[in-house]
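Letters A, B and C name the chains as they come in the text, with residue numbers starting at 1 for each one.
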Amino acid sequence: MMAAEFLSVSNLTKQYGGLAAVKNLGFSVGKGEIVGLIGPNGAGKTTAFNLIGGAVRCTAGKVVFQGTDITNRAPSRVTVAGLARTFQSTSTYGDISVERNLYRGLLSRIQSSVVRRLVGRREGMVPNEQIQVEIDRLLDMVDMRRWRDVEAGSLAYGLQKRLGIAIALASRPSMLLLDEPAAGLNHEECRELTALLRSLQTDHGLTLLLVEHHMAIVMELCDRIIVLVQGEKIAEGTPAEVRENPAVIEAYLGAPEYAHA
Amino acid sequence: MLIAQATVNGLVVGLLYLFMAVGFTLVFGVMRMVNFAHGEFYMLGAFSAYVLTTGLHLPFLVSVVLTLVAAIVVGGLLEYLILKPLRKDELNGMIVTIGLAMVLQNGALLVFGPDPLSMPAVITGTTRIGSIVIPNSRVYVVVFAVIILALLYVFLRYSRSGRALRAVVESFQIASIQGIPARVFYPLGFGLGVGLAAVAGALMAPLFVVSAFNGTTPLLKAFIVVILGGLGSIPGAVVAGLALGLIESYAGLFFKSSTADMIIFLVVIVMLVLMPRGLLGKGDV
Amino acid sequence: MSEMVKKMDRRAWGLKPSGLYAGLLLLLCLAAWPALMGPYVLHVAILVCLNILIVNGLSIIERAGQLSFGHSAFVAFGAYGSVLMSMHFGLSPMAGGVLALILAAIIALVLGGVILRLKGVYFVLVTFAFAELTRLALMDWADLTGGANGIAAIPAFELFGYAFDTRPRFYGLVLVAVAFSIILTYRIFRNPLGEAFRAVAENGALAESTGLSVYRLQLLAFIIGCMLAALGGVLMARYIGFVSPESFNLNVSVGLVTMLVIGGRGSLWGPAVGAIVLTTLPEVFRGALQTQHIFYGIALILILRFLPGGLAGVPGLLRGRQKVS
């Protein structure tokens, strides 16, 4: 196993009856990298996420994270292993405050509680006295201190997505799976998101894998990009490489400039 | 031959179960609602047939048709007035139907009293096919039931609303996609569903006693059939309804009834756990 | 005590200790009245208390996001279990009761383990089927359970030689049990465990992704809730002195859910309010049983339509808080 393979996915397949949503997907993510997963709608990107994170059972394939086989593990145990995810919709507990949202994100780490023992976490625990400190730390990571007491459902959309990221960070992951974090964000919010994700990589040493449609963000942020079409990987490389790749251009980025032969 | 007799009996009962189950699955498919009041519509259908036939002296067939129409209308109204805010809210919608069931059953008790009523036979005598004896009253029921089922089939297959209903039930699409306004769609689905239950009750009224407590068993049977056949599958309800009738009939030959019941419930639990979609059903669990 | 929990108190996220004490005090005062009235009122009060105890169990299961329509089966396990074990192994009522609770926990673990993969209405249907299966089994295995005739002449509950064989004595015992169940529910709701239950109920996928195992949490809630039901059954059998399968039929299960919904899901006092209202109302409707049930049905419909938080949610509404905490 190469040291650079923080997350390694091989032969990942999901069949729904006769239809393969994801077919023989294989790629790896190195520690500290930001990797983007792109492709047209229905390409299987979210399914791939669900397979990696354990929300959906694989028909075939393997997922290895930091040397441990996490294939088909329950999502809660994948999170405990250090791999957390965000959601595209319903990404927060809408009826409660931002602070309480983060408290819920922390629950599995609270040292003295039954909850922690139920899921079997043994590292990154938080003693009772440190809970408030930890919540403050998370609020600072996403710069949301001033919305601490605001009901999550009443936040602007961009802030809700940021809270979703903070909730994922609450479990103290070493890697994040982000499901279309830029969906529905305006220009300003996109800039803030890019800055946040960049800081997560640089200042906090996190590895990121994101599914995204917003090309500008993908090209700017990602160290590497993987292109998925109809459940299969058709290209992989740096943003520059992928941008020039004719197969990618034809399938996803736009028709080629030349006329049909 | 005992098996042949049991087969015939099983099919007759199976028809009843089928009616209950198709109606039940229709309501679930259209509104994602487990209708705990379904049995009470069966009960009310029986009372309706009783009142129309014995009280107003209408011919039995006319009573049955009137009951069907009335049930569709009343069901549609109830849906619009009471269930509307809870469409798509599975759990709370279901609890509201529990309340509805309480009101309907006890309302019937208040009006008709607790004593079971007996409807005079619609037709007497028996028919013999080989060594099998079938009371004519049951033949009557089977014939009418088959006619109504055929009409239902035509409606679901060929009419625009029918096709739309089927599409929503079987593939959980949104009603508006089918081009029929929701305010018509949901009452229609619910009305038709409980209408089938009421017709079953009306058809069975001459065969058994009519009582306000008669709703519970058909409800349980509907649950069982729909779980076996798949929540939201009309073909599943048909197949499983007949199958349950037959299984109960055969089991009655070999086991005492409480053991047979227990086995069936055990099968239901196992089905729910292993194949929540049932044999033919679709949709998320 | 955790800073966070203190903050929850301050911000009234959850339940304040003062709220608990006030409520318990109110209940105690309310409970004093039947003790002064005749045996009949006392009898009703005892039934109310048993229902509060049982519905508290249902409330804990609901807190984690599942609604059990098979709760009556676990009351039956407590009742039949404790009586049969005392009878066949010559155990004291207390030992029989404890063993029955363990039996109920094991059944809940096995059953829950299998069915808790199901959600929403599917879980409702399977628990409903299980309740009916239990009743049929109790009827069918007559050699063990006495069948439809049940078991009669059950001796009173005894604790270290002290027999609770008079109504006032038993009332005291059952009040203690009720207080225990309320305090237990309170401790759970306020604990990170209760918060985890809530998270799982409100957004299972999100909760799971933060390291909360929905399956294990719901299973834990199910076991605790079913054990409380069984405790109610253990006490009920010793009070009424008689058990039969019909005491644990589907109507009972539905009735328990009705108590919880009308009283208020998501509230500590919901079970108490629901049990008090629904157990005592027959007395108001003396003899007009049908009218009473029509009233329940209408109340259920209206509550779900206008007061989803149940009767216990009304004070919160009046104070301007729309949401259930």
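Annotations
Everything that follows uses one rule, which is that a contact is a pair of C-beta atoms (placed from the backbone, for glycine too) under 8 Å apart; a residue touches a chain by one contact, two chains touch by 3 or more.
These numbers come from a predicted model, not from an experiment.
With centres computed as the average of Cα coordinates, no chain lies farther from chain A than B. Central chain (C-alpha centroid nearest the global protein C-alpha centroid): C. A straight line joining the Cα centres of chain B and chain C is 33 Å long.
Separating the CA-averaged centres of chain A and chain B is a span of 48 Å. A straight line joining the Cα centres of chain A and chain C is 41 Å long. Put simply, chain C touches chain A in their complex at residues 1-4, 7-8, 11, 13, 191-193, 195-196, 198-199, 202-203, 205-217, 220, 323. On chain A, the positions that touch chain C within their shared complex are 53, 55, 74-77, 79-80, 84-87, 90-93, 95-97, 100, 103-105, 107-110, 113-115, 118-119, 121, 128-129, 131-132, 135, 149, 167-168, 170-171.
Partner chain B is touched in their complex by these residues of chain C: 67, 114-115, 117-122, 124-126, 128-130, 132-133, 136-137, 139-140, 250, 254, 257-258, 261, 289-291, 293-294, 296-301, 304-305, 308. Chain B meets chain C in the complex at residues 32, 34, 36, 82, 85-86, 90-92, 94-96, 98-107, 109-110, 216, 220, 223-224, 227, 231, 258-259, 261-262, 265-266, 268-269, 272-273, 276, 285.
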